[in-house]
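The two complexes that follow have chain A in common; it is paired with chain B in the first and with chain C in the second.
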Partner chain A sequence: MKKKRFDPEKTIYAVVAIACFFVLWWFLTTFTPVKNTTPDPIAVLKLLFESFYTPIGSKVITGHLLVSLRRVLVGFGVATVLGIILGIAMGTSKWASAIFKPIFELLRPIPPIAWISLVILFFGIGETSKYILCGIGAFTNVTLNAYTGAQNVDPELVGCARMLGTSERDIFFRVVLPSCTPQIFAGMQVALSTSWMAVLAAEMVGAQEGCGWMIQRGSDTLNITLVMVGMIVIGLVGMLLATLMRAIERRLCSWNIMEG
Partner chain B sequence: MNEYAIQKRKERIKFTIVSVISLCVFFGVWYVCTAVLHLKPDYVLPSPVQVVEAFIQKLTQTNPDGATLFGHIAASLQVALTGYLLGAIVGVPLGIAMAWFRRIDLFVTPLFDLIRPVPTIAWIPLMILWFGIGLGAKAAIIFVSAFVPCVINAYAGIKQTKPVHLWVAQTFGASRREMLFTVAIPTALPLIFTGLRISLGTAWMTLCAAEMLASNKGLGYMIQLNRSLARADLIVVAMLTIGLIGTIFTVGLNALEKKFVKGGRRG
Partner chain C sequence: MSKNDEILVKVSHMTKKFGDLLVLNDISFDVRKGEFMCVVGPTGCGKTTFLNCLTKLGVYQLTSGEILINGEPVDLAKHNVSYIFQEYSAFPWQTVEENVAYGLKIKKWPKDKIEKQVSEMLDMVGLTEYRKYYPSQLSASMLQRVSIARAFATQPDLLLMDEPYGQLDNSLRYKLEDELIKLWQHTGTTVIFITHNIEEAVYLSERILVLTNKPTGIKKEIVNDLPRPRDVTDVAFNKLRDEVTDLIKWW
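And then the complex of A and B:
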């Protein structure tokens, strides 16, 4: 990645653009009929700050965030491990691929959100069903990427290692695994944002706490300010998660940073 | 045919058979768990036979969710395609403009980065408020979900144009416009198609969420309603239909891509 140098023109444009956005928002919500439905930015910011000490439902905003984050991280963590194992197995062994690929291909195109109803019937609306939904969201992406990654390992490298007398185990851990790590990370990036989206959907459909519940509650009680606060917080956390992932990726695959 | 090819072919046949057996085992286990052992009650996990029966029934009957399967599919497709096409029509040119014109880039990119991290699902309540619970809101939600990947990929596609190619065009006296249409856009096409494919996937996923929260027809609604009726067989039918249509879309887009994109596929 290129180091970005400070560019005054860029900063000025960015500030002007964002200022325009807020002014337009403020203008629309103060002087036009839009104000009947949409709160102005000041009200939203005020509620955002208030929500740190005034509980919404049973928790303050950070509490809801932590609940959602826990659901995402548990589901995502378990699904990632399983996905990497399955994906690499399918990519390296023809047997595994022949056995699991048809089933995987059958279930893969079903979006995680479509699972909500079945999962709720199966596991109730408790925590388990949320973990599972986040997991489904992450699992397909990670598996698919681990699979393509393991399949596209340069055969020359593997052949080279084998010719030099490397054991099969070392070939796996020193050649195959490192060479599909960037691809796996690309999958994990997507997986994390899909999980984040899945948890919102799951919480909007049935939950008593969490960010998705907050939005849904705002919508049910016609408290649009709350909806917008929820959106802002969710966006910020989503961005934070993505940045974090990218930082970890930079650490782990420093030899192969993909552009982005 | 030499020996190697024969061996290759034998191997392929062998693994195809393994795949078929694996699928059979999958359905077999499902069948045994549900129809024979009754591990879970029918309203939680239906047997494959029940799902097929429900599917056949659903082709003609409107009970219990108010429309036949085709009715739901048509409703979903209408919403999804409206939103998706609008998203693509607005998103791709915007991405191209952002990458090509420096001023637009400087002005729009911060705004775009402001909106982008909010997951589409979080927009649902707001869109319902602004557009009601009809076609408008759902199309708007899908618009947002399709719009974002289209912009990102079109932007990245144009940005990866090699300056050398542009210099060559310039040396031969191409105008700015010719450079955009004959050099930059063809270079970006593979990535633009990637964007279209990604956004189709997210659009189709968002559709389910939108229909679950506010709708009276469509595949997502079918999933949601049948949960409260405890008709898991119909839920599975709807899920498989969603998956199938998603696959058909992907295959169609891949065919389009092959037709329009020149040269090898990159990225």
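And then the complex of A and C:
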């Protein structure tokens, strides 16, 4: 049950590694032919800071970020709820599994990017399409994990709960759902990063705002500095989201993590 | 204890097959209200199956015959039955105290009463200092004590125990056996206790049901009216134990 404490040695390595990366980048873009195509880190960081008060297109950078985050959270949130329902249904009912499993297995390997054209065709280039594209990636991951989790619920525990007077309806909330929670969370971790990737893809086609749009805009105007600003923001936010999910998981599934 | 003639559990012509495998073969017996009955029988003869059929857990339905509680088919929402499984079955996502409180919450006990009852139960099984632990942090014997505390907490009318002390060390087993007797005398609960351990059966029971090998029937019913508290070194005790041991020599 030992808690991971702040580890100074690791932190030093991390700082040194990142510093080396920036030095190498600076070196390449100052002394080698790479400088003809690629901006140096100082230019990128400068634009990054400027973009907090100078709008790019219609919004400053935080505005674009919030737009992208909203799309991800709506898509991810709805997909997570639907995925949990479908996954658990497939994992607990033979019928649901017989009906939905084949379709699901067929659609599962298709990445969100492959859906872009079709989704735009049906739903236009508005927000709905963005939500749906973010949702697709999240949905498969969550469904699959909820399904595995529900299949592995210990029948003995269900029997036990029934014995202690739990009604059939409550069995779901009191036994099935908590049993699957660790699995579902593992799925949500992957789902969130898939959603985050999907929003960028969605925004690179037919959007007026968002992080993906920023990169597309940079690319269209040959502003590689802007492209790189977009990339850095995406990387940082993606990392932040993953860390946040892990923290929530640690809170909700502490009983499971302690086993290790 | 109570010389009550009222029948709580009536088992008539209980038969259970798994496919072609005949496990329980036309078994009939009664359990009186307040009685402490022990069932002994060889491994795989269908003792666990009997309890599962009684409680209709999962896929377990009798092939033929019936089991009645108070003259009615078993209904877990109505009949206050507790079952301590052979394998420990604490909910891994709940702490020890949450596990023990589970049945009481379901039965909507008031909060302060739950707290009191949980503390009492934890004290009884010696887990008070582990109340905030999760099952993954406990040893096998502690896990079984969690199940026992959880089952006792709801003060059941019928307590089913499937080799509950099989995996505990002797000193703890003796302690829990005495606790069980005390609880049973105190509450008047009816107990069906399955065990491998003949000494345990003789120590606890008012009646011993000795089962045969598969296809399983009743080899013998033995009334055990040794006075309590019982003493394992007592002559009469040993005589009865040897008698039961003789019955099962052929296992």
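Quick note on the criterion: the second predicted complex is superposed on the first by the 233 of 260 C-alpha atoms of A that agree within 3 Å, B and C clash if a C-alpha of one lies under 4 Å from a C-alpha of the other, contacts with A are read in each partner's own complex, and residues count from 1 in each chain.
The working rule: a residue touches a chain if its C-beta (ideal position, glycine included) is under 8 Å from a C-beta of that chain, and two chains touch if they have at least 3 such contacts.
Note that this is a predicted model, so its numbers are computed, not measured.
Contacts of A:Ile18 after superposition: chain B is touched, whereas chain C is not reached.
In the superposed model, more residues of chain A are touched by B than by the other of chain B and chain C. By the touch criterion stated above, A:Pro178 is placed in contact with chain C alone, chain B being left untouched. Contacts of A:Leu73 after superposition on the shared chain: neither chain B nor chain C is touched.
Look at A:Met163: by the touch rule set out above, it reaches chain C but stays clear of chain B.
Contacts of A:Ala96 after superposition on the shared chain: neither chain B nor chain C is touched. By the document's definition of touching, of the two partners only chain B reaches A:Thr37; chain C does not. Touched by chain B in one complex and by chain C in the other is not one residue of chain A.
The residues of chain A lying in touch with chain C in their complex are 1, 154-167, 170, 175, 178-179, 181, 253-256, 258-259.
Touching chain A in their complex are the following residues of chain C: 52, 55, 57-58, 76-77, 80-83, 85, 87, 89, 91-95, 102-103, 106-107, 134-137, 147, 150, 154.
On the chain A side of its complex with chain B, the touching residues are 9-10, 13-14, 16-18, 21, 37-38, 94-95, 97-103, 106-118, 120-122, 193, 196-197, 200-201, 204-205, 212, 215-216, 218-219, 224, 227-228, 230-232, 234-236, 238-239, 242. Considering their complex, residues 11, 15-16, 18-20, 22-23, 26, 40, 43-45, 103, 106-111, 114, 117-126, 128-130, 201, 204-206, 208-209, 212-213, 219-220, 223-224, 226-227, 230, 232, 235-236, 238-240, 242-244, 246-247, 250 of chain B touch chain A.
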